[in-house]
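Before I ask anything, let me first share the structure, which is written out below as C-alpha cells.
Letters A, B, C and D mark the chains in the order given here, with residues in each chain numbered from 1 onward.
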Amino acid sequence: MYAISRSSLIVLILLGLGFGIYPLVGDSYYIRLLTKIMALGIFAMSLDLLIGFTGLISLGHAAFFGVSAYTVVWFVVKMEILNAFLIFPAALAVAGLCALVIGWLSIRTAGIYFIMITLAFAQMLHAFFKDQHYWGGTDGINFNDKPMLMVGDTVLFDLSNKINLYYLTFSLMVAAFIFLAVLLRSPFGRAIQGVKVNEGRMRAMGYNINHLKLMSFVIAGCLAGAAGFIEATRTSFVNPEYLSWHASGNVMVMVILGGMGSLYGSLLGALALTLLGDNISSLWDHWLLIMGGFVIAVVMFMPDGISGSIESLSRRFRKASPPREETGP
Amino acid sequence: MDISYYLIQTLNGIQYGFLLFLVASGLTLIFGIMGIINLAHGSFFMIGAYLCWWLTSLFDNLFLGILAGIPLAVFLGLFIERFGIVYLYKRDHLYQVLFTFGLILIFGEMRSILWGNEVQGVMIPEMLSGAIPLTDTQSYPVYRLFISLVCTALAAALYLVIQRTRLGMTIRAGASNREMVQALGIDIAKLFAIVFAMGAALAAFAGMVAAPVQSVFPTMGDEILIVSLVVVVIGGVGSIKGAFLGAMLIGLADTFGAVFLPHGAGVVIYTVMAIVLLWRPQGLFGRT
Amino acid sequence: MTTLISSLSRRRLLLGTAAGAAAISTFTPTRFAIGQTAKLKVGLMLPYSGTYASLGNNITDAFKLRLAEVGGKLGGREVEFVQLDDESAPPKAKDNAARLLTKDKVDVLVGTVHSGVAMGMAAVAREENTLMVCPNAGAGALTGKNCSPNVFRTSFTNWQPGYACGPMLIKDGKKTVVTMTWNYPAGTEQIDGFKQSFTAAGGTVIKEILLDFPKVEFQAYLTEIAALKPDAVFVFFSGDGAVKFIKDYAGAGLKAKIPLYGTGFLTDGVLQAVGNDAEGIKTALHYVPDLDNAVNKKFVAAFKAATKREADVFAVQGYDTCTLLSVGLDAVKGDAKAGRTLYSTMQNTIVDSPRGRFTISAAHNPIQDFYVRQVKGGKDVLLGLAVKALADPATGCNMG
Amino acid sequence: MSEIILKTQNLSRHFGALMAVDDVTLSFERGLVHAVLGPNGAGKTTLINLLSGEIPPSSGSIHFKDQNITGLPANQISQLGIGRSFQKTNIFPIFTCFENCRLAAQSRMKGSFRFFRSARSYKQINALAEKGLEMCGLANRRDTIAQAMSYGEQRQLEIGMMLSTEPELLLLDEPLAGMGAEESLKVIELLKRLAKDHTLILIEHDMDAVFAVADRLAVMVNGRLLETGTVGEVRASKAVQEAYLGSDEEGH
C-alpha cells in the first residue's frame, strides 16, 4: 500500500530543492538537460502507475507520449495556434483517448499477451506517423514557435524562454507527483493496488477489474501525454521515434532502475539513466554496451531499484524501532 | 495488371511469410514452453545475417557461409540460455522484458564492434542469380524461389520433428501445459536449452537466407522482432500451426498492403492483428 | 607567458579595429581576448557510423584538406575540431547540437548529411545564434521556409538535382515514368523537383512508389514496375540502398527493358560495388569527377593523395564548406560572432569550387550548374550541361 | 415453508471430457446452513466457483432470489450480495488486516472512481471494515500485516473480508481447512453466530463441524448430486453411507 516513508520524504525534498534551485546557478546546457530529465520523470511516474501499482506491464507506453507530442505539432505547425491553455489540455485529451482505445482492446488479455499487444499497438501508431507525409515521415517535424501560456493576445509565460519552460516543467512534475500520491491514497488508488496484488480476489469482492485497469491505463496515458507536451515544446521537434518501442523500453528501464512502486524512484531513475547516458556517451562510441550490461545488472542484482536500496538502507539504520509486522504474540 | 502480376505478388508474400515463420516459430515455442518473453529473438535474425555476410566473404561462398554459420548460431543460443535466460525462469515477465531488452543493446553493440554499422550486401551465388521470365516484362528471381523451397523443407522438417519424435511430443506437451511436463519428470533444463537453441538457430538461419535479398543492416533485427510478435499474437502463444498461418497472413498482408496502400502500408499488419484480437483475444490457435 | 601573449594580442586587435569595436571590446573583453589566443572551435556533427558513414568521412577529410591548403587557420585562428557522430538519427539531432553549442561551446557548427538531422541542428544554431554551414543535407526548408541569416549551405536543395533531371528524360523521349524513393524528405523533395520540370515539359508520372527508409527490400515494387511498363524509371537512392537497387533492378530483368534514371546520388560512390549492372544509367548532378577545370584537377589529385580514395560530390561539398568559412572568417578576423558582417561576406562570395564557380543565393544556398552524366565503363562520364545556374526557388524564405 | 434464496437447474460444467459438475439441481433456503459434502474430486469447489461466477457453467442455470444470474461475472454476483471465501487462503498478504477488510468494504461504495479524498476518510467504509474484523475475531490484529499472521488467523481474515462486503449469502469453501483443533472451534463458533442472520453454503471435510452447524446437507460424488436432505435424512441414506460416509468412517 503506497505510503511516503521518512527516507523517501528526505529524498523527495532534496530532489525538489535541487531541481528548484539549479537554474539559479546552472548553465544553459544542463538547464536544457534537466528539463528533459523532469519530462522523462513525469513519463516514468506515469508508467510506474501501471507497472508498479496496477500490475500492468505495458511495453507501448511511449505511444501516448508521442501522440501528445504530435498534437502539439498539429496545433503549432498546422493550425498555427500557440496558446498552451488550448494545446496542453488537447494534448492530454488525445493521449487519454488513445489510451482508452488501446487499453480497451488490451486489458482483455493478460501476461505475455498484454505486453505484446501494447507493444504492437504502439508500433502501429509509430508506423502511422512514419508513413504519413503530413506528419513529416521518418524525419519528423521541426518548428520554430513554441507554445506559450496566454490569455487573449497577452502572453503570460513564453515557453521559448528556457528558464520559463524549466519552471513550468518543474511545476508539472511536482503536480504530477502530488496528484499520483493523492490518487494512490484514494479509494480508486487502493483498489488498483489491490488489483496488482491479487486480481482474482478483487473480482470476487465485487470490483470490476477491467474498469479499474482501464481507468488506470487512461490516467497513465494522460500523464505520459503531459510529458510528451513538455518534450515537444522543449525540442520544438517531433519524430516517430518518440513512439518507438525503444522509447517504451527506456522508460521502463528508468522505472525499474529507480525502483517501481515508489513514484520518487521513477524520478531518480530518469535522472540517473539520463545523466549516465549523457556522460558515458561522449566517452565511448559503444556506450550502449555498458548500458545493456547495466540494465541486466539491475535485473539481476537490484530488482528493487534505487528507491528499494534507499528504503532497506534506512531500515538498517533504524534498528531501534523494529518493523511493525514483528510485533504481537 | 494481369493474373501473372497477382501471382508474383502472392509469391513475394509467401516468401516473406516463410521467413517470418522461421523467426516466429522459435519465438512462440520459447513463450509457450519456457514461459519466457524473449525480445532479443530478433537479434538472432540480425546476427544470422551478419554471420552470413562475414562468413560468405571469408569463404567466398554463400552455402559454405550458411553451413558454418548454423553451428555458431546454435552455440550462441545455448550460451545465452545457459548464462542468461536460465536466471529468468522464475522471474516476473517484467524482468524478462528488461533483461532481454538489455541483451538487445549488448548484441547491437557487439555487432557494431565486430562488424561495424554499415549496410552490407551479400552476393547471390552465380547458380541462383538468374530470373525466370514469366511475361514480356515480368520475371521471378531464382534466389527467391530457392528461399521458399528451403523454408518449405525446413517447415516440413519442423513439423515432422514435432509430430513424430519423442522430443516433439515433449515439446507439444510443454506448449499446451507447462506444469504437466515439469510434473512428468522430464529433464526440464535440457528441454529448455534445446528449445531455446533451436529457436535461436531458426531465427539466425532466416537471417542468413534473407541476407542476399534484404541486405544486412543494424536495425533488421528490431523490424523482424516486432512483426514476429504480431505473428505470434495472431497465431496464439505456443502454437506452431498458428505461427505458420499467422506468418503467411502477415506476409501477404504486408506485400499487398505495400502495393495497394502505399501511404498506410505500415499500419496494415497491425490492423489485421487488431481484427483477429477482437474476434479471438487468445489468437487463432491460442488456449483460452 | 600566457598573460603576456594575451595582453599583447589584445592590443594588436584593438589597434587593428575601428573605435566602435574598441568600445565593444571593453564590454566584452574576454571574447576578444579569446578571439586571438584561443583556437577556433569547429563542431563537426556528421555521420561517422551507419549508412552515411563514408559520406561523413569524405566531407571531414576534404574539409581538413582545404584547411591545410589555406594554412591551417580560419580567420587567423588555429582550428580545434570537436567531432560528434550524429548517427543520422533525427531524434538525437537537437540534443547533440545543443551539446556542441552549449557544452563544448563550438564557434562554428558544420553538418550534416541527413536532412532531418540538419533541420534539428539549424533550429538549435538559430536559438544559440551560431554560424552553421551545411555540407550536404538538401532539406528545402533549411534555406526555404526555415531559412536563417546564420545558416549556410554549400551543397544543394533536394529540389535542385530533381528539377535538373526532368529535361534530360524529355530529351531522351521518355513520356511516362514511374518514380521510386524512400519515404523521407530527401527522397520526396527530389522526386517533387523532378516532377515539376518533367510534367511541365509534357511528361507523365504514372506511379510514385515510396518505401520506408532505409529498407531495401524492393521485390514487390519491381514486380509492380514490370506490370506498369513505363518508358523509364526515375529514382532517388544513395549509398548502399543505391547498390542494392541497381542490382535488384538488373536481377529482375528490367535493366534491358526499362531504362533507369536518377539524380546523381544513385551512382555516386557506388559504381565499384555494382559493377556491370550500372552501365548506361543516366543521372544529373552538380558535379562530375572528370570536370575539366583546374580547381577540380588539383582537388581530385590532392584528395586521392591524402585519403587513397576517389573524390566525389560529398568531398567537394566538404571542401567548399571550408573555403566559404575561410573567406567569411578572414573578413572578420576570426570573430565567429560578428553577425551581419560575417554573413554578408559569406553570401557575396563567389566560390571557386571543383564543381565550377558558384554563387550563394539570398537564402544562402548555392546557385550552380547541373550536369548530365552517364555510366560508361564503370565511371560517371560528363555528357553535357543539364541546367545552367540553377537556383532553388527558396519558397517561404524570409530572413527578417 | 421458507423462501428459496438460491437454486440451480440442471447445472453442468465440464473441462474437456471431464464432467466436474454434472446436471446438478439444488435449492438453498434462506436463513439455513447448507453443507455440501463429497470425496475429493466430487466437484464441490467447482460448484462453488459456478455459484460465485468465478467460472461460467457449460449448461444449466442459476437463480438468486428471482434473478437469473447464470454466466454473470464474479464481481456482479458479489455485488448482488453473495460473498465467498476461498479454500486456499486468498488475501492481500502485504496489506494490514484492516486494509484487507477495508478494501473489501470499499467495493460496496457507489461509483468506483473516487480519486481525491483519502480512502481512510470514508467513515461508513471504515465502520464496515471494523465490523468485519470484529466479527471474524481479528479486531486485536487490526494493524498487523496479513502475511505475518498464523495460518489460522489468515483463514479468519479470509472470512472477515467476505463479511465486510455485507453479503446475504455466504459461500464458504472449506473454512476449516488446515486448522488446528482450537482454531477450528473458534471458527465453528463464528459460523454459528453468522448463521443467525445469514444464509450459509459451505463445503467442509470435517464431519463433526458439519453436523454441528449444518441444517441441510447435499452429497456429491463424481460431479453428480447423490442425496439431499436434513442431517438425519442424509445420515440415514444407504447410498450415502456406501459412497461416502461409510468409507470415510472406515478410513478413520
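To be clear about the criterion, a residue touches a chain if its C-beta (ideal position, glycine included) is under 8 Å from a C-beta of that chain, and two chains touch if they have at least 3 such contacts.
Treat the numbers as computed from the prediction; the structure is a model and nothing was measured.
**Q** If each hop has to land on a touching chain, what is the smallest number of hops from chain B to chain D?
**A** 2
**Q** Comparing A-D against B-C, which pair counts more contacting C-beta pairs?
**A** Between the two chain pairs, A-D has more contacting C-beta pairs.
**Q** Comparing centres built from CA atoms, which chain ends up most distant from chain C?
**A** When every chain centre is compared against chain C, the largest gap points to D.
**Q** Of all the chains shown, whose C-alpha centre falls nearest the centre of every protein C-alpha atom combined?
**A** Here the chain at the core of the arrangement is A.
**Q** Could you grab the centroid distance between chain C and chain D? Build each centroid from C-alpha atoms only and quote it in angstrom.
**A** So the centroids are 77 Å from each other.
**Q** Measuring from the mean C-alpha position of chain A to the mean C-alpha position of chain C, what distance in angstrom results?
**A** The answer is 39 Å.
**Q** How far is the middle of chain A from the middle of chain D, if each middle is the mean of its Cα atoms, in Å?
**A** 42
**Q** Could you tell me which residues belong to chain B and also touch two or more other chains?
**A** 112, 263, 265-266
**Q** What are the residues of chain A that contact at least two other chains?
**A** If we look for residues of chain A contacting two or more partner chains, we find 130-131, 133, 285.
**Q** Going by the contact rule already set, what residues in chain D reach two or more other chains?
**A** none
**Q** Who touches whom among the chains?
**A** All chain pairs meeting the touch criterion are A-B, A-C, A-D, B-C.
**Q** Which residues, counting only chain A, touch chain D once they are in their complex?
**A** 1, 182-183, 185-191, 194, 197-198, 200-209, 211-212, 215, 324-328
**Q** Which chain B residues qualify as touching chain C in the complex?
**A** Contacts found on chain B: 1-2, 5, 8-9, 12, 112, 116-121, 124, 129, 131, 133, 135-139, 141, 144, 213-215, 217-218, 255, 258-259, 262-263, 265-266.
**Q** Touching residues of chain B toward chain A in the complex: what are they?
**A** The contact residues of chain B facing chain A are 31, 35, 37, 39, 84, 87, 91, 93-95, 97-99, 101-106, 108-110, 112-113, 222, 226, 229-230, 232-233, 237, 263-267, 270-271, 273-274, 277-278, 281-282.
**Q** In the complex formed with chain B, which residues of chain C make contact?
**A** Against chain B, chain C makes touches at 49-51, 53, 208-212, 214, 216-217, 219-221, 223-224, 226-227, 229, 239-241, 243-244, 247, 251-254, 257-258, 273.
**Q** Please give the residue numbers of chain A that touch chain B in the complex, ascending.
**A** Result: residues 51, 57, 59, 105, 108-109, 111-113, 115-117, 119-121, 123-124, 126-128, 130-133, 245-246, 249, 252-253, 256, 285-286, 288-289, 291-296, 298-300, 303 of chain A touch chain B.
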